[in-house]
Amino acid sequence: MKLTALSALVLSGIALTGCSRLDMQDQPKYRPQRPSAFFADGRSERQPVEGAIARGALNEDTAFYEGKDADGNDVEEFPIAVDKAVIERGRTRFDVYCAPCHGAIGNGLGMVVRRGFKQPPSYHIDRLREAPVGHMYDVITNGYGAMLNYSAQVQPRDRWAIVAYIRALQYSENANINDLPVEARNKLPAAGQGPAPGQSAAEKNQPIAPPDSDVIDFPHQPATPSGVPGASGAGARPGKQPERK
Amino acid sequence: MSQPVELPDQIYVGPVIDEGHSLASVSDKVGGIVLKRKTTLGWVFGLIVAFGLLQALMASATWLLIKGVGVWGINIPVGWGFAIINFVWWIGIGHAGTLISAILLLLNQSWRNAINRFAEAMTLFAVMCAGMFPVLHTGRPWLAYWLLPYPNTMALWPQFRSPLLWDVFAVTTYLTISAVFWFVGLIPDLATLRDSTRKPWQQKVFGMLSMGWRGSARHWQRYEKASLLLAGMATPLVVSVHTVVSFDFAVSMIPGWHTTIFPPYFVAGAIYSGFAMVLTLMIPVRKFYGLEDIITMRHLNNMAKVTLATALIVGYGYIMEAFFGYFSADVYERFMVWNRMTGPYAVFYYTLIFCNIITPQFLWAKRIRTSPGILWIISIIVNIGMWLERFVIVVTSLHRDFLPSSWGMYAPTIWDFGVFFGTIGLFLFLIFLFVRALPMITIFELRMLLPGARVKEPVAQ
Amino acid sequence: MTTTEQSYTTPPQLTESLKKYQNTSAFVGLVFLGLLVAGYFMAGEQQFLRSYLAGFFMWFGAGAGCLALLMTQYLTGGAWGVMIRRLLEAGAKTLYVMWFGFLPLLLGAQQIYWWTTPAGLADKRIHEKVLYLNVEFLWIRWVIYGVIWLGLTYLLNKWSALEDETKSTDYSKKLESLSAPGVIAFFFTMTFASVDYLMVLEPHWFSTIYGFLTIIGEGLTAFCLINIVMALLAKHEPFNHLITDKHRHDLGKLTLAFVMLWAYLNFSQLLITWSANLPDEVVWYIKRWNGGWGSVATLLWVFQFFVPFGLLLSQTNKKSPAKIAGISAFILVVRALDYCFLVEPNFTDARNVQFNAHWLDIIAPIGFGGLWLALFFRNLSQTRLLPIGAPDFQKALNHGRDH
Amino acid sequence: MSVQALETVHTLYGIMAEFETPGHLVAAARKVRLAGFKKFDAYTPYPIHELDEAMDLHDNRVSLYTLIGGCLGGIGGFSLASWVQSVALPLNIGGRPLISVPMFIPVTFECTILIGGLTAAISMLLLNGLPLPYHPVFNVDRFVDASRSKFFLCIESADAKFDRDNTVSFLESLNPVEIAEVAR
Amino acid sequence: MAQIFKSSTNSLARTSIVLALVVLGGTGGALFELIADSTYATRQGDAREQPIPFSHAHHNGSMGIDCRYCHNSVENSDWSAIPPTKTCMNCHSQIWIDSPTLEPVRESYRTNTSIKWTKVYDLPDYVYFNHSIHVKKGVGCETCHGRVDQMALTYQAPTLEMRWCLDCHRNPEQYLRPRDQVTKMGYEPSEPQEVIGARLVKEYNVQKLETCWTCHR
């Protein structure tokens, strides 16, 4: 009883001191983004000295890090090996960082654009279909027009993955049924009744939609408020129509 | 359980209570110390000295709370310094009180009646002092309630396989049961005080504290039963408490700590130091308050005998430790014994042997057992010796770790001493208050020792 | 009540009964010891010695326990001690014979004490402690123990008899002053004896509480025997009205205390060893924790602690001669099992614990029990059963009679 | 009980007799019990065991409750330890079993003693009806000595056999020092 | 002697003892429930004052911007970064450029000084928490941070008591979701959670880490 009373007292003491922060909850040490009273700019992290290069971060491989060849021209070839995993990775990155403006299928009609941001060009115009991959990499890295750079948010390897995914998107918007492997093609309903050929490049790496469905599901699209991508709510807006054909 | 007054013979040194006392006279004499006796200058002086020492505790504990346990001398490898030494020392001192009240009550030893109240109070105060050390040693005493098992926001529970948790249970149980036992024993005496005083405020206070005790035979019957039960439970309790304290050391794997004889050896050591402390306090109190007729030579003699017996058990423990250190053929065990005897703290070891083993041998002589002055000095030496024993156990075992790279030395700081002497101040302060405010001898049990208390039914009229 | 000295002499009928007990015990003892010897040829020397050790040590311990209690009661005083003093003396006197019982163990040491074999002595850890563990010193210790135990027994008996004769308190004082160093000497010798004959069965194992534990066990055995004999005596004149409930109550309380001490010390040893879990030490428990011996350990806890503890808590049980004798006999049986438990598991393999009790383990304690009781009753029938010369004799008799 | 008697009950708690020695008190108490009184009590400055027999007191409830309390405490302690270590916070300590019986014994034991001891003290107080600062017996002036040196016996008016005059004369036959009425 | 107390003292004494017990016992429990475990102590549901009234409900809820767009280090680092002003400016360089509410953002961008956001989930410094491993093992953002998509002002959704952490660490299958659903708000499991949880525990090799040093290192 004595101890209950004592602990009660202690508890109330803690409560009464205004906060329940115990000892050592706040320690005199820095954690990321913790403000500093010591440095003039109030940050605990220091910027590296101008021109300093961290060990292992010389980034000499200009093709990989800048998307340029030795002459300063955009590279035509991917500096990384592109496989399904890379495209998958690219898609997740694309959906997070690009889709808000460029739209899930790259038509330039993302959510932010609908709120007034300057509409970027669709990826499915010839100029961009023919642009070298290095160009796209460069845009992500350094920005383009109204688009600010994404170099801080997206790491080089991810940028290439995004580029690879954009290439896949472009291909999907311009594909022919004959591009499908034979087995996949056989699974489709009779030609002309199912989804139009060349509907989606994403399908290449995804199971073909069930025959009785006319909705192409984008399971990895970033969540929209309704939770069902492209089917209702914001996705049902007229602006979304083109991607359905 | 009638109490025949044992006739003095050559086995005994004297009666348990001097002749010439009556029911009324013992009541008035003991009660009078509280109610009538003027507050003497000596008492005030003693209280002030004790209070001054208590301030050392206050200051040291405050500084400790501000700065953390780093102000003490503890460090790696001696992480258990004064805190545990003093804890064990104090709790050992407490043991004599329970032992005198409980075991001697069970064994019908009537000589206990004159000293049990005082010894129990000593127990309570010593346990309070003892409990302070582990709590302060945790570093954050205000979170000490975390030691208790209760559903908390951390979803954590104490570790029931840890001897430190056993300590929590043992010490809190010990404190609670000692306090209950002590208070239950006080009830009839408080009623006596209530009825003896003429001052209304004293009547009110003692009246409330005695809870309206009126000495009803029906009450006494249950009261006696409860006392006996409490004594029956307090006896194994007191053994268990110091056993658990010994487990703090023994269940570890440190040479010098991990040894199976620790439980009985610690218990004997506790009783040893406890009886020594009772002697240390009783001898002056007996003199100052003129209680030679109630706390007789027989008491001193008996307590000295118990002290001697426990000293021998403790000595047996020392010899067993040394022998088995050799017999183990274990390099660490052997080094521990060797280090104790020849290492940097060897002087403490020999001092403790002198204090704990050599000094009490004088108690074989009845002349020494019955001369209060010498007995008092011996009891103080024993107290010092038992403190040194804990010092040697704690420090010599820790300061030489398994790896020589982790060897170190231990030196207490002024704050260690501040807390230690401060608890002595607290202890004395409480003792001073106790002897002033409450009857320090169990009056109703004293009455039972008197010839007039015996039931001689009149021949049928 | 008569208080003449005459009334405290042993009446002839009682002497007859004691003789009868002595003969029965001797008969049982001889038969079973004969069986034990037969076991030597049937089960082999090692098994014989193992069972011999368990049975012998229990009954040797009964005598040693009587000696220890005899000295203790001189030191503490109290009615209980006066009433049973002669029984304790008779028990201690069995040591005159029992001491020789160590000879077979010493002669056959190489069979059961591995450390005495050349291989054992060459063992590194044993070699480390060769100052203590060497065969010559083992023999020397046996002689030292004998001198101390038998010397104490002899003097205590002699002076006690003289005290009776002379009624002089000189002897009371002498007895007291011999007992004090005697108890100390006994504690040490018995501790080392327990190391020499029991602990080293597991040559690398050690436990500092072991001597204490052995001594308390011996005290418990002694108390149980005393309780039984007191109950037997209470059937006869003049004891039927000399021994009161109060005396039995005191003895019962002390028995209870020893039961609790036994449990306390055993538990301490178990907990400390078990929690530290050091390979050297825990071997001893591994062999006694698993398999058949694990069940025996449980039985020991139940029957040597919980059951007697529960029974002895009751005042009625402590005061009734039949009940206290029954409980004591029960504890004695469990004590025999306990000694078997101390000896036998050492000879099993820690990795594959086998229950290796042998029929000889039942024979040996009965055989030695018969022998011990025969000696005991013989000693008893030759002496006056109450120490009339003790200064507090009358007080002890009146103990518990003053209401 | 007559109407008058009932009125007495309201104003008179009982008749109290004072005795000089414990022996007289015990003898008187025995006689009072043998006379058939049920509601009476003796008041003494220390426990007198002979009174238990004389007044036929054998209330063992304190022991019983203590036994129950102790058992509950022990079971509670062990269950708490087992539950905590096996269900609430199972931690593997050096491979020892979660329910390490030997290591739970200390806590089990302490809980047994704690609850048992508290039960003993509290049940004693409750069964004695304490605290009770006010009680009619204190109305008797000489009762101050009940806690010091004198022995009292009080027959209560609530007893079926109580009759003011008869009770007084009965008590007078027991050799008291003094007899007093106890106002309620 | 005269009575010291009035007869009413009896009931007074008794009730006061009972009352004291009730009060003492009750206070302990009450303090635990009302104080130690209260939202006042834990700050659960407490929306913190921010320099800019940033609405997750708007950005994440109605705009559908993925959590990782701003908190981009969450998958790779123990630290889920509070975004730099630059991230805001990715869009707000074009939209809401005149809004006075956003002036601090623009100012921060202009002057290259940090916006001083108030930390909502302020774990004690003796706790080590790693976002990336939780994300990798399929702990949804929503599981700890609640329906951020409905929070106009961000508040602390859970208690952040240690037992709240342990609830999941002891039985993670109650909360796990497929990795690709981690950032999804209002996630509904496609199968019963027991089934999906048990499967994911196996698939992602989720350990029940309960040791002290998992979080306190």
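Which chain is which? They are A, B, C, D and E, in the order written, and residues in each are numbered from 1.
Rule of thumb we're sticking to: contacts are C-beta pairs under 8 Å (C-beta built on N, C-alpha and C of every residue); 3 or more make two chains touch, one makes a residue touch a chain.
What you see is a predicted model, and the numbers here were worked out from it, not measured in a lab.
Participant: Looking across all chain pairs, point out the one with the most C-beta pairs in contact.
Facilitator: The chain pair with the largest number of C-beta contacts is B-D.
Participant: Can you name the chain whose C-alpha mean lies closest to the mean of all the C-alpha atoms?
Facilitator: Smallest offset from the overall C-alpha mean is found for B.
Participant: Taking each chain's centre as the mean of its CA atoms, which one is farthest from the centre of subunit D?
Facilitator: Chain A.
Participant: Which chain's mean C-alpha position is the greatest distance from subunit E's?
Facilitator: Relative to subunit E, the chain whose C-alpha centre sits farthest away is C.
Participant: Whole-Å distance, subunit A centre to subunit B centre, using C-alpha means?
Facilitator: Distance between chain centres, rounded to whole Å: 73 Å.
Participant: Centroid of subunit A to centroid of subunit C, CA atoms only: how many Å?
Facilitator: So the centre of subunit A lies 86 Å away from the centre of subunit C.
Participant: How many angstrom lie between the centres of subunit D and subunit E, each centre taken as the mean Cα position?
Facilitator: Distance between chain centres, rounded to whole Å: 58 Å.
Participant: Between subunit B and subunit C, what is the gap in Å from one C-alpha centre to the other?
Facilitator: About 34 Å separates the centre of subunit B from that of subunit C.
Participant: Tell me, which residues of subunit D touch at least two other chains?
Facilitator: 49-50, 91, 96, 103, 131-134, 138, 143-144
Participant: Among the residues of subunit A, which ones contact at least 2 other chains?
Facilitator: Residues 7, 11, 14, 22 of subunit A each touch two or more of the other chains.
Participant: Please set out, as single numbers or ranges, the residues of subunit B touching at least two other chains.
Facilitator: Residues 2, 150, 155-156, 161, 172, 176, 194-195, 207-208, 211-212, 236, 243, 247, 455 of subunit B each touch two or more of the other chains.
Participant: In their shared complex, at which residues does subunit A touch subunit E?
Facilitator: The contact residues of subunit A facing subunit E are 1, 4-5, 7-8, 11-12, 14-15, 20-22, 24-27, 29, 31-33, 35, 41-43, 92, 95-97, 100-101, 111-112, 115-118, 146-148, 150, 152-154, 219-220, 222-225, 227, 234.
Participant: Given the complex with subunit B, which residues does subunit D contribute to the contact?
Facilitator: 21-24, 26-27, 29, 41-52, 55, 57-63, 66, 70, 77, 80-81, 84-85, 88-89, 91, 93, 96, 100, 103-104, 106-107, 109-111, 113-114, 116-118, 120-121, 123-125, 127-128, 130-135, 137-138, 143-149, 175
Participant: So in the complex, the part of subunit B that touches subunit E is made up of which residues?
Facilitator: For subunit B paired with subunit E, touching residues are 150, 152-156, 194-195, 200, 203-204, 207-208, 211-212.
Participant: Which residues of subunit D touch subunit C once you look at their complex with the stated criterion?
Facilitator: So the residues of subunit D in touch with subunit C come to 49-50, 94, 96, 102-103, 105.
Participant: Within their complex, state which residues of subunit C touch subunit B.
Facilitator: The touching residues are 77, 125-126, 128-129, 131-132, 169, 172-173, 180, 184, 187-188, 191, 195, 204, 206-212, 253, 260, 264-265, 268-269, 271-273, 275-276, 278, 280, 391-392, 395, 402-403.
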